[in-house]
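Structures given as structure tokens follow.
In what comes next, subunit A is part of two complexes: it sits with subunit B in the first one and with subunit C in the second one.
Our next item is the complex of A and B:
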């Protein structure tokens, strides 16, 4: 496109940089170029990125540096150098504003110490420029960590907070918000009297209030002592001030006040627990959700921190019609990724424990929006949608009604199993794990869209978190599933993979793998035969794991698996018996006895079930097994358990004992009358 | 008695009214009004607040000298702000942007909506002056990236660019963008942003008071028949319809 040559036309970026860098450019022209650059980049992210690539930042920083050095010499040009300082500081600040790449470039170029030196300048405008730019740097995570624990640094920080200049106090507050992370730092700041100063700022201008609220939230976070100090008498009625700020005119102030109060609430469970404040927080945040700007984007996350894991808060939010409001927003078509993520995050929180919430959500047809969200560009949105699905599918009623096992949900979820982000994969696995427990056994949908293949693939992942969740999903999938389905799954999985999962280095994976086998052998004889095939390799693997593991969860699953196998035919029972009470007797402690002596009731119960199945009357080899067991001293062991405090253990022990005794007495009777 | 004074007293009186519906004669009403006390200092502060927020520097100075009322903002900062407002109102948007950036470089960097509206205004001015080629280039260079950075702006962007498609711009569907009112809207937005950045209230108190009066009269209408102020600009008490 031909460029028109009007005098107002902005200079081409390369020319501009050229003028800044060239030694031949007169200083006045450099000042003009700086100003020009500043006006081009402010508000314009695209231009900032373009100029960054051209190396604008080092050029400007070097100009700043030489101006700072030159004006130290005093003289007539003082005013001129001050203008250069102001303009170059403003350019640097703009590059750092909301742009991580910009912050990095600015820090790499060594701007930080230069800007620091400007804060104490006599010319208020220069001090302002320096303070503003530093403040913008400190709003980014990339800012250098401020070491509060060094005395000089603490003094400097206090001097910032005590300044009359609003930009400088704002900088002090931002530093705290950014860098205060450990308990020790919170303590040190508190002891230096920072709280008092911040509380003072709460009565200042809008910007001071906002900056102070954020800093206070960072200081009290997860620190009951500092929290208590904040609410102590020497800080006046600071807490009340913050509560009042919840009704401030400015949305951002209201949001930050809520954030501060939630921080305190989550830290010390003895404060802010009355229903008045709970309801206020919910209603203020609910209203802030409607804000069209950045406040509305952040509000869902603040609300989430209030209700997550807290059933009482979720109930209050539910009664305040939060779900209806979120649906309104979904219906209005929120395209912004952050907002969508926030909405699904909240829906997930609400559905985590309360059935009434899950019902309402499904009634309002929220699932219609999930399909799109699962395919959204942003990984965070996809993750939030998956977590929401995982939580809402905890509703047994709706799960068994087949609400989730349909193409609109299952197909996009399965697609996410090969997502580029592993956190999305894990979240998808979590959702699938719940959805496949569908009692109506519509599981063929998942099989059809290649779900099993994907899950098996993921069970071989290098990341243990993915492996565990993939096997968990497979385990849930095989729960009460048809024989044909089991066939398909095992065909895909193969015994070899199954064995390697049983022997996985992670105990959590071992446990899930054993649970998977347990589900696979549950049901008819065919199932058991199918899993153990010709050589019983899987059975060996299970028994070996049982002997070597020390994790009780793994032992329990393994035992239940063997118990299921022992419910089969004679061959199966013998196979299990050989594993649990080996003839060779080399093991110092036989597994069976060891487990019966466990202090974990669940493990005892599982073992007792295996015993019951092994000694079930009607099978040819039962007598022989009973004798072996008696010889191993099982009877004594069982007699110790018939009055166990755990009902399951007590009843199963009596049942097992009964079976052993019946056979014992019959056998004795038989041998005694034999001629 | 100034109109202002009448309005304030009306408001105060209604707020103190009894609850049952009844008819109040003008004589009674005016008597009650006379009993209401309003301080002159409060009124002066309201007037000063209005002048300062709207940016009437000279009037504010004069009022300060004549009434002794102190403004709550440094009058010097008003001058800068008014220069920006004037620039936008005259269509010199580029100049306005430079002035805003001199005043406080953070404002446009942290207000994407305002920045977009200023650039939109620049485009409108280029189109108004018939510089079609320049306008197209500007739209592509400067405005399209804003749309990319923020999808919420796309609709307005499309409306603005649509101006280029019409021969007779003043009569097209989006013609209102060329109106002076569009300039005033943008100017007002800039004014508010500057005030906020200086930690001042962006709205004067006076309109809130008037809104309160209208609302309170509406509430009272359900309970009583009384002399109303129907025209705020004259503040004349009109007899109730019997």
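Our next item is the complex of A and C:
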């Protein structure tokens, strides 16, 4: 009969767990089993998962718990129990290292408070093992949030930061990085003197430097007050120390120093604005992009926080050949999701404002990589690729050249409209909204690949962010689109959907829906008839919304829509007139005057164009409409506007008044003859 | 009740600064989607030789003094089809751009020579001669001065025998949407005149479409 217990070969997982769990296993054997387990799972994800499945974590936590209780009782076996504590803490830490499922199992098994209690252990090795294990747990987002605002917790944190043990101080810093999220927490930490302590750690070991830089970044992030404190005299030359750390020999330290400086920089327009530091940050981060490991994966995100929304920084990055570098990375072949996400994130940032960046990106044929990225397994990569497309297509010059509206771009984007992640759907809608502003008559590409059908579907989504973006895309698609394309769009959209979008509870959807109709009725006379189907139901809906809304953006779009309708024939003008000045009641009349009196020049202008179109010379009914408008008191209103501070309002008011006066004179003459 | 019309809107000098830093106000007739049509006299001497021209505004960014669009020349002698070009415009807003071109082979003298062809420029001349118009506030002036530079051919190749080497000095009237321009290219006949009017596709009124980039 074979004997397994004495074998020197690694135990089978089941046997190992059996030994850990068995009440009959002596503690010495359990200690050995813990060591075996630790050796088997270190750095081995597969093994970790296998042991997790077998319930190893609760077993180890249970041993940790009983060893803690037993050694508390004193006795001769103190040293032995401490070894058990050290080994079980190490095993727990190993399970939590780089594996979210491991962290979950550790937390579920109740290891966290046990590990915390080890920190205050008299034996430094035990405290160290507890701190190491907790540090690994705090690298995960799943780690429990630490409540700094409780006084006891703050005291404990300070005791960690004041410890002489490197892992314990590191743990303190990691807790801050993980849990410091609100302004109040940043403030509380700052007031408790944490900055000074962290600055002190900048002179410590690599681990301490890194942990300190990361937590300093978390403390100053978007908090000008804490940032000012860091920059204040009480922290001496702290800033210079961080700046120096940008040149550290360890890539991770360089990255974290940049992250910390960017956090400070982003809190005020007066910090770290000199060209020397700007260029240094860009060049250090650019170099770190080449790091093959996690530093290289994170560098794009740090660089993004430096350049996003900042045209001057984007220009510096452009001049430092960031686009070329990112292209080299793309050309080098497949990357893990995070790296690819970072690359497209940066390309998107660069193309958000500067035309030179968009041109360079297109010259270097980055679009060739987009199709694949749009179909990537990772939702984050798909979103980043969509955002990049959205930003690169902000170029009217390239839209005019028809650069984007082709099957390689449109087809995968349309496919993403059915994505399971709504943030991907919204990002895809953003990109589609821009690329459909195509001036090369390629808009039909989107219709042909089923894009309109999908957009119409999404315009009925329960999620308002999806609805507004879908209608936005349809609105841009209908801008200067051919009559045939309009027919296809409306066939899919239907008047009923259009009306429900005009009446949507969200004003942003209402505004986009009205802008869509405004584009639909622009162009040929036939187009105007779109709002006259079904007894003019769409026109009624527009007018009703105009009367009821208080949102100026909605009013502007609604008024331009009516104005476009009024640029048509007599029938069209009469219909608009009836909506603006109905026979019964005077609510609409008040609306017209109210709009002319608006403090928003754009609304005044839109209303004036409607009046200009209604009184356009040459139409048979113009004379009658002029009379009705005069009776409604419009002339007085217009006279108040002819010296308006806004040039457009002033000129349009004069134009409208001119038309009204011509016909007015004729009418006066006509009535005087009649008399 | 008659109201006195305050005439004319005149450019003012910006007090206490050396920079006229108020941008032109948006003008609905110069917004995206607006179309214009008219002619370009190819020779300043032979009035008969004129190409029919259509222009469409495609992009407008007043903050950056930027305008762009397409220009379609209809009866170009050497071309079988209408020739469409894409152009980008610099709005003389005295913040992003002054009346002095400073590139494209145009000297300050060339600039003055061309701008003075527009009657609406005369009230500005003396100041422009001093500083290119930097200290002028044109935000309420009913004319917008621009330079339009064609960037590429949209529908024909560069071998079409036509050139887009030059650029246009342009004056837009905010009142009626009319556009006058002069083509400048040291290698082409001087002062080719562009005359455009706002069009409405034969409808009885003005129509405005719009798009908004995200």
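By definition in this document, the second predicted complex is superposed on the first by the 652 of 675 C-alpha atoms of A that agree within 3 Å, B and C clash if a C-alpha of one lies under 4 Å from a C-alpha of the other, contacts with A are read in each partner's own complex, and residues count from 1 in each chain.
Everything below uses one rule, namely that a contact is a pair of C-beta atoms (placed from the backbone, for glycine too) under 8 Å apart; a residue touches a chain by one contact, two chains touch by 3 or more.
If you're wondering where the values come from, they're calculated on a predicted model, not measured in any experiment.
With the C-alpha superposition on subunit A as described, subunit C and subunit B fit side by side in the combined arrangement. Touch criterion met: A:564 reaches subunit C, while subunit B stays clear of it. Within the superposed three-chain model, A:90 lies in touch with subunit B and out of touch with subunit C [touch as defined at top]. Of note, the Cα-centre angle with subunit A at its vertex and subunit B and subunit C at its ends comes out at 110 degrees, rounded to the nearest 10. Legend: residue contacts after superposition of the two complexes on their common chain; A:42 is shown touching subunit B, with no touch to subunit C.
In the superposition on chain A, A:540 makes contact with neither subunit B nor subunit C.
When the two structures are aligned on the shared chain, A:98 is found in touch with subunit B, with no touch to subunit C. Within the superposed three-chain model, A:618 lies in touch with subunit C and out of touch with subunit B [touch as defined at top].
More residues of subunit A are in touch with C than with the other of subunit B and subunit C. Using the contact criterion defined above for the overlaid structures, shared-chain residue A:136 touches subunit B, although it does not reach subunit C. Once both complexes are placed on a shared chain A, the shortest Cα to Cα gap between subunit B and subunit C comes to 36 Å.
Within subunit A, no residue touches subunit B in one complex and subunit C in the other.
Within the complex formed with subunit A, the residues of subunit C that make contact are 1, 3, 5-6, 9, 25-28, 33, 56, 58-59, 68, 70, 86, 88, 139-140, 142, 151-152, 154, 174-175, 200-201, 203-214.
Of all residues in subunit A, those touching subunit B in their complex are 1-4, 6, 8, 35, 38-39, 42-47, 90, 93-94, 97-98, 132, 136, 166, 204-208, 249, 293, 335-336. Here subunit A touches subunit C in the complex through residues 390, 393-394, 396-397, 399-401, 430, 433-434, 437, 439-440, 469, 472, 475-476, 478-480, 515, 518-519, 521-525, 560, 563-564, 566-569, 573, 601-602, 605, 609, 612-613, 616, 618-619, 636, 639, 642-643, 646-648, 651-652, 654-655, going by the rule given at the top. Considering their complex, residues 94, 97-98, 101, 105-106, 108-113, 115, 133-134, 136-137, 140, 142, 145, 148-149, 151-152, 196-197, 199, 201 of subunit B touch subunit A.
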